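Each in structure tokens, the structures are laid out below.
Next come two complexes built around chain A: one with chain B, the other with chain C.
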Partner chain A sequence: MSYLAPYRDMQSLMRQAHQALGLSQFSSLDDYDLDLADAIIDEANKFASQVLAPLNQVGDTVGCRLEDGQVLTPPGWKEAYQQFCEAGWLGLALPEEYGGQGLPKYIAQPVNEMWQSSNLAFVMFAALAQGGTEILQKFANDDIKDRYLSRIVSGEWTVAMALTEPNAGSDLGVLTTKALRQSDGTYQIKGQKIYITYGEHDMAENIVHLVLARTPDAPSGSRGLSLFAVPKYRVQDDGQLSEFNDIRCTGIEHKTGLHGSPTCSISYGDKDACIGELIGEENQGLKAMFILMNEARLSCGLQGVALGELAFQKSLTYAHERVQGSIAGQGRVAIIEHPDVRRMLLDMRSQTYALRALGYRIAAMIDAKENSDDHQHVSRVAQQIALLTPIFKGFATEQANLTAGSAIQVFGGMGFVEETGIAQVMRDARITTIYEGTTGIQAKDLLHRKVRLDQGAALDELLASMRTDASLAQSNADLGLLAERFEGVLNTLEKVQRHILSDQADITELDAVAVPYLMALGGICSAWQLLTSAYRAAEQQDQDKEYFGNVMLLASFYFNNQLPKFEASLHTVLQSGSEVSQYRF
Partner chain B sequence: MKILVGVKRVIDYNVKVRVKADNSDVDLSNTKMAINPFCEIAVEEAIRLKEAGIASEVIAVSVGTSACQEQLRTALALGADRAILVESDAAVEPLNVAKAFAKVMEQEQADLVILGKQSIDSDNNQVGQMLAALTKRPQGTFASKVDVEGQSVAVTREIDGGLRTVKLALPAIVTTDLRLNEPRFAKLPDIMKAKRKPLDTTSFADLGVKAKQHIQLDKVEAPAARQGGVKVASVDELIQKLKDEAKVI
Partner chain C sequence: MSYLAPYRDMQSLMRQAHQALGLSQFSSLDDYDLDLADAIIDEANKFASQVLAPLNQVGDTVGCRLEDGQVLTPPGWKEAYQQFCEAGWLGLALPEEYGGQGLPKYIAQPVNEMWQSSNLAFVMFAALAQGGTEILQKFANDDIKDRYLSRIVSGEWTVAMALTEPNAGSDLGVLTTKALRQSDGTYQIKGQKIYITYGEHDMAENIVHLVLARTPDAPSGSRGLSLFAVPKYRVQDDGQLSEFNDIRCTGIEHKTGLHGSPTCSISYGDKDACIGELIGEENQGLKAMFILMNEARLSCGLQGVALGELAFQKSLTYAHERVQGSIAGQGRVAIIEHPDVRRMLLDMRSQTYALRALGYRIAAMIDAKENSDDHQHVSRVAQQIALLTPIFKGFATEQANLTAGSAIQVFGGMGFVEETGIAQVMRDARITTIYEGTTGIQAKDLLHRKVRLDQGAALDELLASMRTDASLAQSNADLGLLAERFEGVLNTLEKVQRHILSDQADITELDAVAVPYLMALGGICSAWQLLTSAYRAAEQQDQDKEYFGNVMLLASFYFNNQLPKFEASLHTVLQSGSEVSQYRF
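Right after this comes the complex of A and B.
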């Protein structure tokens, strides 16, 4: 089996998150208890390991093809998509009102992790359906909702997000695609977009492009962007499909990774016959995009967890099989017997475990936010989610790249050979630090919008939660030392915070250390989650010495091997200098 | 037509089996459990008969601890209509299970009982045969094809060197072999609906069955670790080794 869900870890961390956020207090979640969650991840695991995982390498080696403007997905994709939708997985966390299952995020998170581990390239459409549904639900008028939503939730139609243009990538304000208002209230769309995931494919009968464009009298910059639903085939008033909407795929990218997911260049309205329907108000497009963006960033962070897990599983299997070198008294041994290989495996496992814990916690926070009636609580949780989003996205994806690199190292020479499949994980992971906002952009978002803007209030609250959990861990004899060290790191972090918030801080210098700052916070959040897991493990140790003993070892391994690196990053921030602005390139 | 289908909770086939330190049994603490794969085939066959309009109701039955509810819920998610758990903390033994099934079969007036031919944990391959003897009903074991025709069922059996088709008068007992069908995946909405389907709990005592212990487990040992192989230089050497060392010829 090329992938099996880490069922035990998932169960355990789902419970950790569920408890931390007190989800059992919400009666609206009564129908979605942990037993149901277990049953669902059990079944999802079967689908992931038996249907999606076997297609992962096929997707990579065969990839997508463009023939006469038509994108052909890899062999097996179409059938798997059919099965995926029929089994109801697409509707997992989509609204019940339109045929979805409306499951809470804390259950959806491990399920999504499985899809992403088993076949990330394939499952890109699911996050698009999720984000697209959310946008239409919040911003579109009832007419558009009625005609589009149930078809999207069922998977009959897919969603594509059309933002980027050749000259407008991270800088959306300069995009030029035009939308001309017509007498019937619709808009004529004209322009070129690139990097459109699943912008064209052969898996569904229609594709709904959500296109950012500019009306003629719109203000310049990002405040002049409007969002349009632009279907590949026009949708009549009764919801039936009519004529082709003048949308052409002019090319697909030849990418480093994610070969199975078509990344399309799309030309809208070559023949002036591309019609779009406005979503929400004119010039409000960016607001809608922000919702999508946050969703996408959290999903992207989870991709880091998922690929880290896949890299770990493949490395572990290989390390057990590959006999190389000998150990005195044992003769020739499998490489898993070598301490350095074990160190690499533990690096991968501890980091992935910690980030899974953080990812599941964020999911449970979203559930708490959506189910609580206490407005103050809701806005506090929302603030924490906003703070953790760039940390999770930036850090989890950076670490996934390191993990995938370590995995290749475990494979040795065979890791550099494509047939083993491990190089695919590295290539697939490479984009995750770039799309949905690069690590640099996440770091600036963190530094300015999430920390400096509120004078560190949200971060103070996060630190308070960390200190509470650390003092709990301190009460346990086995964890006292770790908790103490963790407190020490938090003290340094507070020093860094004063440095960042000080009136004398030089913004250019701070920007230059924003990424080390994000990485430090990511490492500290990981250590926090592992300490929490270790505390829970210590409490349950009698039930299963091996498993819970291992969890405690993961925590102390991370504290010894990883945390010091992130402490060093804190010092980097404190010592931020002017080299980047003074050096002449 | 009513179908009873057996569901046994066993260790998940993907999990590496561990033996307890004192060799008293397999270590099942905190191990992932699942429906026995042959039982899954039985559930699938019953659901197909229902979908074909032949069966009117499918009842999943399990014997064991309350934890078996988990597997019964899976069967309900796959399409069984209701479930019965014969709750017992004692070790699950074939004759006791067969007796419990005989009672449930009588109570429910079931026309067809479909069971897995064996479970992947104890590999006994006995319950179906015992149930047939206890109820004095015909049996079609190791089924690779099941056709219900009116008041009888034609069962194609996988036997050494070929296939044998038998025609049984209903009520009858069928046990499934691996090639009978390929079980489906449960759909997400059905997993949610399964929570609300009826699951009744009964016991050996309620059924009027005296569960006796017939089997005593002496010890369990992990398979011997595989020895590394050697390359032989010639066919003669191979034959000599097969004779002298392996003692197989």
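Right after this comes the complex of A and C.
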């Protein structure tokens, strides 16, 4: 088996998040208890390991093809898509109103993690369906909702996001695709977009492109963008498909990884026959995109966890099998006996575990936000989610790249040979620090919009939660030392906080250390989650000495081997100097 | 132009190394002065940028093919090889006695760096010729030398190293290839080897395989290995080629990178007609291999520098061209104006510069060792080279992987699209931390053979050199603070030294932090070299304010942004705990 869900961790971290956010207080969540969640995870694991995982390497080696404007997905893709939708997996967390199951996020999160571990390239349509549904629900008029939403939730139609243009990557303000209002209220769309995931494919009967475009009289910059639903085949008033909507795939990218997921260049309205329907108001497109972007960033952070897990599993299996070198008294041994290999495996495992804990916690926060009636609480939780989003996205994906690298290292020479499949994890992971906003962009978002804008209020609250958990851990004899060290790091973080918020701070110099700052916060959040898990593990130790003992070891391993580096990044932030401006390239 | 030698840095660091090792004292080096060196670098740059660099991407996209047992190299490879040898580049540092030019290493090093930057996959034969020549010169009898060496130096024949077998990667002791002595003194070779770089190709008329094999009565383990020259076509007494020597290429690897360099599986003696000639004595094969291994490790470290430089150059060019985002008061800007992009570029540049300095210094050390008559000095320098070899190999290649990752990050979405060529650098770099001994193996070598074995004597001497250079730097007002911080780090390193050498040290726990230890030493050596360069730059500032000012900025940037992480790794070593042994996988 090339992937099996880390069932035990998932179960345990789902509970940790559930408890931390007090989800049991919400009667609206009563339909779903943790036992049901376990059962769902169990089923999803079967699908992930038996259907999706076996297609992962095929997707990489065969990839997608563009033939006469049609994108052909890898062998098996189409059938797996059919099964995925029919089994109800697509609709899992989508609204019940349109045929979904409306599952809480804290349960959907581990399920999504499995999809992403077992076959990330394949499952990218699912996050698009999730984001597209949310946008249409929030912004589209009832007519559009009625005609589109149930088809998207069922998987009959897929969603594609058309944002980027050749000259506009991170900088959406300079988009030039045009939307011309017509007498019937629809718009004629014309322009070229690139980097459109599943922009064209052969798995569903229609593709709903959500296109950012500009009306003729729109203000310049990002405030002049409107969002349109632009289906590959037009959708009649009765919801039936009619003629082809003049949307052409002009190319698919030859990418380093994610070969199974077609990344399309699309030309809209070559023959002036591409019709779009406005979603929401004109010039309000970016607002809708932001919702999607935040969703996508959290999903992308989870990809970091998922690929980290996959890298760990593959190298653990290999380390058990590969005999090489000997140890005094033991003769020749499997390489898992070598301390350096164990160190690499623990690096991978502790980081992935910590980020899983963080990701599940964020999912539970979304549930808390969506189910609470206490407006003040909702807004505080929303702020925390907003603060954690760039940290989780940026840090989890950066760490996934390192983890994939360590996995190759465990494989040695075999890691460089494509047949073993481990290099694919590295190649697939490579884009995660780039798409949905590079790490640099996450870091700027964190520094300015999430920390400086509210004068550090949200971060102060996060720190307070961390201190509460640390003092709890301090009460346990085995964890006192870790808790103490953690508090030391938090003290340094507070010094950094003052430095960043100071009136004297030089913005250029701060921007130059934004990524080290994000990385430090990512490491600190990881340490926090591990400390919390270790505390819970210490309490449950008697139930399963080996498993919970391991969890406690993960925490102390991380504190010795990883945390010092992130603490060092705090010093980098404090020492931020003018070299970056002064250097002449 | 896709690559241009960093001429200015090369010139300046060649002089820095020359001075540091006092090479002007050796009259045997009088034939080569620094001006001649500059001229050679200038010529090599033309060849690298005009002939080799344009073939680099072709090598990646087309790769090698195996057809009927013949390996076909990528288009242009054969012609470039011809030109390379005819222009005398192959023989540059090879012995004059056999037709080479016997250039000192401190000049050959920047030249080799250029080859590796411009087309690493192509030029891998050169290091093999270098190592093969050295082995034959030191160990082979005169007859073999006479028949083989001039052909290797001229490039008419290439060298291949056949060590690894499917079950014996890092662990040579379990090799099973057989060598049966025959009445005429030759040996019949039989066995399967894998991972043989240029083990078969179409660029030269013969290939001399240096094969590790075992005679029937040999002791088990690595002390029973003998080394044989096994040519693809047999070599008659008069040096002429005769019949095919029963050496068959059974496959080439489908690798993540270095597609232009064929990595062959070879079957020796399928028809019992493969004849080898013993090099040196029976059972002394490993001794010869060690020489080669050390050579290869230093060459591999230089690959880290070379790929780091290539990654830096490509992303610098892109950052100047790509317009994205705006800056208040400047409107839309090239991304090089964004502080985070500048940070990434400075990360790449400072690390690559530092490792270039270290690599050139090691080359100058080899010259000092080979030209000095003072036996004590020779043995001390040899010890220093032995100490620095695993650090340079391990650290430079690990950093090259990070640098290549940062380069992709500068490219953003375009970095994930293969056409831009930057992902190739990452893929090519991926093997450098694995072949010629993984980073884990370098770290064990460093910890045990290079530090613990001599009770830290060699490292103490290295530290003394560092302290001398630091106190020199301290005399300069602009560098006082850096020098002080550096001395602080050295104090921590001394604490680590005592920890490692302590009788109470737990070997398993130490082994588990061997890599962090190596990384810390790599970072410290980098900081040392940058401090030294900054000191020299401060002295020459008036000659070129911009260039030397930049060098000083590189040092302080590295001290703020990189050194803290490596200092943190020292703390990881000090806190080495038992998690690695206790954890149950």
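We take it that the second predicted complex is superposed on the first by the 585 of 585 C-alpha atoms of A that agree within 3 Å, B and C clash if a C-alpha of one lies under 4 Å from a C-alpha of the other, contacts with A are read in each partner's own complex, and residues count from 1 in each chain.
Here is the rule we go by: contacts are C-beta pairs under 8 Å (C-beta built on N, C-alpha and C of every residue); 3 or more make two chains touch, one makes a residue touch a chain.
On a predicted model such as this, the values are computed, not experimentally measured, just so you know.
Novice: Thinking of the overlay built on chain A, is A:283 touched by chain B (first), by chain C (second), by both, or by neither?
Specialist: neither
Novice: After the superposition on A, what does A:171 contact: first (chain B), second (chain C), both or neither?
Specialist: The answer is second: A:171 touches chain C but not chain B.
Novice: Identify which of chain B and chain C touches the larger number of residues of chain A.
Specialist: C
Novice: Check the residue A:543 against both partner chains and state whether it touches chain B (first), chain C (second), both, or neither.
Specialist: In the superposition, A:543 touches chain B alone.
Novice: Could you say whether A:389 touches chain B, chain C, both of them, or neither, answering first, second, both or neither?
Specialist: Neither: A:389 stays clear of chain B and chain C.
Novice: Under the stated touch criterion, which partner chain does A:101 make contact with: chain B (first), chain C (second), both, or neither?
Specialist: first
Novice: In the complex, go through chain B and note every residue touching chain A.
Specialist: Interface residues on the chain B side: 14, 29-30, 32, 34, 70, 73-74, 77, 185-192, 194-195.
Novice: Any idea which chain C residues touch chain A in the complex?
Specialist: Spelled out, the residues of chain C in touch with chain A are 164, 167, 169-171, 173-174, 195, 253-257, 316, 319-320, 323-326, 332, 336, 338-346, 401, 405, 408-409, 412-413, 415-419, 423, 426-427, 430-431, 433-435, 438-440, 443-444, 508-509, 511-516, 546, 549-550, 553-554, 556-557, 560-561, 564-565, 567-569, 571-572, 575-577, 579-585.
Novice: Given the complex with chain B, which residues does chain A contribute to the contact?
Specialist: Where chain A meets chain B, its residues are 1, 4, 7-8, 31, 35-36, 38-40, 42-43, 46-47, 50-51, 83, 86-89, 91-92, 101, 543-544, 547.
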